[in-house]
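Per-chain numbering from 1; labels A, B, C, D and E assigned in written order.
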Amino acid sequence: ATPLDPAPQQARAADNGKVLTVAVAQSVDSLSPFLAVRLLSTSIHRLMYEYLTNYDPKDNHAIPGLATKWESSPDKLTWTYTIRSNSKWSDGKQATAQDAAWTFNQMMTDDGAATANGSYVGNFKKVTAPSPTELVIELKKPQATMTSLDVPIVPKHVWEKVSDFSEFNNDKSFPVVGNGPFTLTDYKADSYVRLKANKGFWRGAPKFDEVVFRYYKDQDAAVSALRKGEVSFVAGSPSLTPAQAASLEGAENIQVNDAPGRRFYALATNPGAKAKNGKKFGDGHPSLLDQRVRNALFMAVDREAIIEKVFQGHAVEGEGYIPPRFSQYYWKPSADQKLAYDPAEAARLLDQAGYKKNGDGKRVGKDGKPISYRVLCHATDPNDKAVGKYLQEWWGELGIGVQLNCLDNVTDPWLAGKYDLAFDGWSVNPDPDFVMSIHTCGALPETPEDTGATDNFICDKKYDELYARQLAEYDPAKRADIVQQMESRLYDLGYMNVMAYPNAVEAYRTDQIKSITTMPAKAGNIYGQDGYWSWWSAVPADSGGSSENASSTVVVAGVVAVVVLLAGLGGFAVMRRRATAEDRE
Amino acid sequence: MTADATPALVEKREPAAGPRVRKGSAYPRYLAGKVAGAAVSLLAVLVTSFFLFRLIPGDPVKTMTGGRQVSAEQLAAYRREFGLDLPLWRQFTDYCGKALTGDFGTSYQFRAPVVDKITEALPNTLLLTGTAFVLYTALGVFLGTRSAWRRGTVGDRFNTGLALTLYSIPSFWLGLLLIIVLSVGIGPLPGMFPTGGMESGGEEGFAYVLDVAHHLVLPVVTLVAVEYGQTLLVTRSALLDEMGGDYLTTARAKGLRDDLVRRRHAVPNALLPTVTLIFINLGRTVAGVILVETVFSWPGLGGLFYQALSVPDLPLVQGLFFVFAAAVIVMNTLADLVYPLLDPRVAR
Amino acid sequence: MSLLDVRDLTVTYAGGAAAVRGVDLRLDAGQKLGLAGESGCGKSTLALALLRLLPTGTRITGEVLLDGEDVLTMKWGRVRAVRWAGASVVFQGAMHSLNAVHRIGDQIAEPILLHRKATPAGAKKKTGELLEQVGLPAARADAYPHELSGGQRQRVMIAMALACDPRLIIADEPTTALDVMIQAQILRLIEQLVADQDLGLIMISHDLAVLADTCDRLAVMYAGRVVEEGPAVQVYEDARHPYARALSAAFPRIGDPASRFAPQGLAGDPPDPAALPSGCTFHPRCPVALESCAEEDPVLRGAGPRRRAACVLVGRPADGAGGAHEKPDALEEARPGTP
Amino acid sequence: MTTTTDTALSPRALARQRRRASVARFWRQYRAERAGLYGLTALTLCALLALFAPLFVGSDVSSVTDAPGRPMQSPSAGFPLGTDQFGRDLLGLVVWGSRVSLLVGLLAAVLSVAIGTLIGVTAGHFKGWYATVMMRITDWFLVMPTLVLAIALATVMSRSLTTTVVAIGVTTWPTTARLVRAQTLAVETRPYIERARALGGGHWHIMSRHVLPNVMPLVLAQTTLIISSAILAEATLAFLGLGDPTVVSWGGLLQDAREAGAVSAGDWWYLVPPGIAIAVVALAFTLCGRAVESVLNPRLGVSR
Amino acid sequence: MTMSPTASDVTTAPLLSAQGLYVTFPGRHGGPRARAVDGVDLDIRPGEIVALVGESGCGKTTLARSLLGLVEPTAGRVTFDGRPLEYSGRSLKAYRKRVQLVLQDPSGSLNPRHTVYDAVAEGLRIHGYGGDERAAVAEALSRAGLRPPERFFLRYPHELSGGQRQRVVIAGALVLEPELLVADEPVASLDASVRGEILALLLRLRTELGLSALVVTHDLGLAWNIADRVAVMYLGRIVETGAVEQVLTAPRHPYTQALLSVLPEAPGAPVVLTGEPPDPSRVPSGCRFHARCQILAGGEAARAGVADACRGQDLEVLSGSGESQVACHWAVSAAPPRGAGLC
């Protein structure tokens, strides 16, 4: 914002329309709804296709999507969805129950089609479409996710022609036929994804004419782009850094959205990995099997310092398992249950557990060797590394060594149980079932060779009982209560120590986006919602009409070219003159 | 020579063909040799890329499924799908066999043929490196020549000093600074260039070309800045080596003007040894562009490689590694092939 | 007016090395002058100075009158015109003196195009003729230097030197790197061409015997100075300066029993041009040095008909003509003994 | 000129004297290279700084829990270069980082040059299949894109300084090997090698007494030059997040800066000093290397 | 003075002897092999100085190198002191203590990084000399004429003049007290005035130490200066051999005649042979010189009736012994040796 600065580029004009540009740091893995798993791709699929149901932006409850209503048989094994008749594919054909049935059937019969969302249909017995507006799904056993089947419904008449679902990426011919609020019109790998508003969208046409997701490998570049107005919105990956947020907060025409996150950030402990068949594997440190040790370790972690120093306020201190955003399920330990920061008490606990300091001030394990824990961290996550540094120092004080194992890809040692502690974090869905389920014994892998749904191999009888109870409980309030009991149990076990709930820190230009729906509507996030609310609802700022961005590019390029040319010519002339002057030996 | 040749003061006859082989006959063989050598190198690279990346710890299939619940059967199915269930040597022969037909398999994370992913990104990388290459070579050769010819002058010292300094600067850092200064803009300086990417998207025709050019400026400037120094220094020292040459004294003795001596004799001779370097540089720049592509979000091979490594997306990593090494090999070979055409002294 | 008249030529390199120190030489058209002396005595420097080919920073004083015109004071444009058209050079190492990446025909044609303003076709024709003249088929014009043998390359250099019909050819060690037989070929060729075209020739070599055989007059240089000058055969067979004498003695005459098992040499090191001895530069090695030699630097003085030598023992001004008789004996005694 | 006429010198003393004389001569000539002197001065300062860093910054500069400042403070009297995202003093960190950067650069270069020299000398000396095999391997390494290979290696191994050193060392030796081999071949054609063989010298004698001393200047110059590129490579690897995250190095600081979003936040004090430090040290080594090269002029094989 | 002080008589057993020596090198670009030494017999008796002369590329150096075991002959053998040379490392080392090589280029023969002392002591160190190394080095240096030796100990080669360098090389050879010195063009790179000193040194060593020497050269004057016997080599083979006085004053082989005729001093018209030195990878059949032979071309051979033999009939390898021999159909058949004087 200096005199010379060409006025921040306005919402970009293309085909005389308003364009909303979103800077993203992730690249698209696939545009096929059957293959895509990355957040960016699935968010785009939300825009391209309707799902049976959607989530209410206010409180996350299931609301109609492609299905206008749904009911289940009393035994919860047969679900009947009524498909809306006012949704058309972008090629003009009507979207029907057949399309939905075909989509599910493909996923049930074709391994390739099951790649991304196969888990939803693993329990399906039969899916039929008795009429264009009626979809019937029969289950093998009850399934909690029947109103949150996050599966894009694709047009049968288009996808029928696909021969190999495992290799079809849906990115060759544009526009891509869909029925969501936007239609995909263009895509260039690692460059951009362009979507055009679906004027005939049943819920109402989006206000922007286009949404473009632009890829910035470098988050700083994305933030700079936002500053310049090249993009309208920056999400960051997973969120803007405190420094970026701080610097953007003061900037003109920029709104920083510091929303309570849906993630928790925890320190997971290896409880001794084992499979359902009882086989133990992995090599977690035996001392960690002692609850006192786990608790002591957590008590030596100053969560406040982490919030203050690492997240610089853009997070909330971690307590229970589920972030406070989901107020219904949120639980926090009572004062006496709470493992407050208390290094002295931690040391005492360790002494008590028999891990005493040796002459060098190192605590010694039962095997007589000084204890040093391998902490698995994500090399790509600065927070892991930062917190790791703190852990090193805090636990070092306790006499415990920390070896930070920062890897690009932690999956393998993780699944093999070859770690002692690990940085862990999940995005919590409106329905907590999934994040709760990953700590049940049932989630353990069948054998060490399988991959289970388990997070870090926790298997606790009491927790499992509670889990079973909440599954069967249909009264929301009672169910919430049980969930909170589970959280309490998890807290006490000390295998999963939540340190913080990081905020989602995003920013957008107010001179390009007048308003935008967050989710939850009150203090929520914009990017990566469980629906298409943000982009669908975004209202363009009424700036002085379409900008002359394209022409300003040309002007700048022209100026640069002229300057370069002049400099070159000038240099050449000078050189020629000197050359002739020095034409001696 | 026949026996009854009269011993004459001077021979009038062309001496019988000596051990030197004439151009016409030997070059094809030389060419064939070089090409065969390159092919062997490519094979070696193929082998390396296969084994090197098997060393990355981690079960690609488990990684691929990203910790989602997968049964042993499903894992086995995946292994089968990607041929990971076969013994290593079978995987290897399959891989080689397919690679020879240009099939590098399917990317684990993108679910697309590796070749497609590469051909998608390759032109972008080539555009970036090609432009930078032309510029830094021209700049390096031009300034190097001037420096050598005016050796010891202020201009020479400035030139070499600047080249050495830029050469010592980490390219990514320079890129970041350029973004801050020229892209974001500081002080009275407006942000003149896009912060990243290759295009704004949506432009057509000439506007598109301009748009890409606009995006190209900063990454190219970065590459040119860090790369031209080497060309400059090599050109300079090659020319300095040549400048002692007696043939230059001959040229001067013939009454040639100084600039003709330089243009016609010194520079062409000095540039010959640089040709190899120039080609090899191009090959290396293609591989070394990773950093610049990362900093400027350029949708090229570098970024792809980085993504592929972190999975590890074995087929993609292998394919990219092969492409990078092949770039160097191909350029080396081209240098080998071009050199004798330029320099009559080299074995033909 | 003689073709070339060098007067008191002094060359000092940028580093302070006085490579040529006050040389006077004269050469008439059609005459052949040999310039001998051991390595580093300044022969090449002298040759390069004649055409102002020395590197920048070299100080040159004196006069080089080429057909009466002083090369050293000419404008650069004129110097370039004189180069090759007036006087051309055959350098010692043909491999390095030819540009390895140009065809020899082009290299020969280059000065023709430059000085004679000939058409390319004309230059090509002339090139062919020149090559034939030095005994190479005209077709070899397409060859690159490395495709020729050492002797052939040296012939190309000679052809090139003849390209613009110069009045003077300076041949700087044209045969040094060559085999005896080839050396003989080249020498014959040069002699013949010089005789045919009535050129002035300055031939530089360290091989006194060769020069004596080829040239009319002979100048022997030592430490940047001509120490003896005179008719070639006389200087070779009966040198007046002790250095020239030692040099000629170093070339044994086959069949001469005196040199059987009696190699002649000169003890000591050649002087360093950057730190020359005081007085007569030869005195540290001189077998007949007098006390005064360490202080007095003798100038060239008459030593018989058309002969000059720079030694106090030669034609002492006081001695007059009689001096010429004494010296041989004095030198004879002073000859280094044979082991 | 050395004209000492001490008559009672043992050969060992002679050797020592000779070595001293040649070092003195080297230094005399080096002093004449202005750029080399600048480089050397800069290096000496850096080395001193790195060596004595514990004295004036203390090893707790890198401690996060005792960080004295608030995160991302801009430069002030208390923190001349501001603070990083933990509130640590950046000046101290840059000084402290010099230790790792220099150490890694040095070790990597030494490793690289050692491999290169060993292979170069032996491949140049022993002809035949050994040389062929060695040169094939070298060529093969030579076409491997260095950065890509280093990245791959760093990914394959765990993140630690050793990894960085090995990744740089293992990928950069082929140039040295080629140079050394070429030089060895050149030296081997020298008549003094023939003379040594005619005197009865064996392979070991020739390699250790003749070849090695003659390639040493080249190796010395090459080491200096490689250190400079190794420092850059270390920074690059750290910047790409492949370094050891727990140690403070310049490249690591740059990566921290970037991860903390310093670039777009405009926190130049976090970004500029480590970059300048890298550039200065790399430049200093390059200047020294070039000066050494020009003094020893290994291409001529004669030290004058 | 016509006879050398130690002119060896023909009957003493040779110290070094080459018998039927062949050395070939692989041809370039798969061409035919270069027959650098193509059948040579040569004896060197104790105390004798033999000069090996010939034009460039005729195989002189290769012969000298094979005599030292530096190249292994393709065929034939080298005998030293009655015992055939073995090519194992150990016996070669022992052999090289007794036979020494001095190369053409003294500057190149000295490692620029070694002082004079090191260069001279190198041989002693290689052979594990037990005595006082310093004294031995000093003695060798002063014997080679570098006096006082201590002044030179710490000098580097570049601080010496060419003649001094060659003396250092010779001292390095002498320090091992060899019996035979093979000198490959020992003065070719030296200034005319300096070379006499080195040659005088060689002669003095022969008188003082009884050293035998093979001096390789292309300079006939040098042979005249110091050798007892001369062997003229052409294209890998010795074509004429005999006492210096005889061969150089009354050459019998047309090649020797041509060589002598082109010397600047030589009386009569020079016989300038055409062309470049012939190619050892394509040795002509018959007499290997016939293609360039002025006698054959001039028709003299035809007159003597040997022209066909010259073109088609191979010549015997000359024996290594000292007597005067020539490998030429024409010289052997037709022409009786010309007068012994200088013609």
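We take it that a residue touches a chain if its C-beta (ideal position, glycine included) is under 8 Å from a C-beta of that chain, and two chains touch if they have at least 3 such contacts.
Values in this document were obtained by computation on a predicted structure and should not be read as measured data.
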| item | value |
| --- | --- |
| Chain E reached from chain D - shortest hop count over touching chains | 1 |
| Between A-D and B-D, the pair with more C-beta contacts | B-D |
| Interchain centroid distance [CA atoms averaged], chain B/chain D, Å | 25 |
| Distance between the centres, which are taken as Cα means, of chain C and chain B, whole angstrom | 52 |
| Chain centre separation (chain A, chain D; CA means) in Å | 43 |
| Residues of chain A whose C-beta touches two or more other chains | 218, 220-222, 224, 227, 380, 408, 583-585 |
| For chain B, residues that touch 2 or more chains besides their own | 9-11, 15, 18, 57, 176, 179-180, 184, 252, 257, 294, 309-310, 312 |
| In chain D, residues with contacts to at least two other chains | 155, 258, 263-264, 266 |
| Chain D residues within the chain E interface of the complex | 1-7, 9-11, 14-15, 17-18, 21-22, 190-192, 194-202, 205, 209-210, 213-214, 301-304 |
| Of chain A, residues touching chain D in the complex | 218-224, 227, 240-244, 246-247, 305, 309, 312, 377, 379-380, 382, 385-386, 388-390, 392-394, 404-408 |
| Chain B contact footprint on chain C (complex, rising order) | 48, 51, 53, 79-85, 88-89, 91, 93, 96-102, 110-111, 114-115, 134-135, 137, 139-140, 144, 146-147, 149, 160, 185, 188-189, 192 |
| Chain C residues within the chain E interface of the complex | 38-39, 149-152, 179-185, 188, 206-210, 212-214, 243, 246-247, 249-255, 257, 259-267, 269-270, 338-339 |
| For the chain D and chain B complex, residues of the former touching the latter | 35, 139-140, 142-148, 151-152, 155-156, 228, 232, 235-236, 239-240, 251, 254, 258, 263-264, 266, 268, 271-272, 275, 278-280, 282-283, 286-287, 290 |
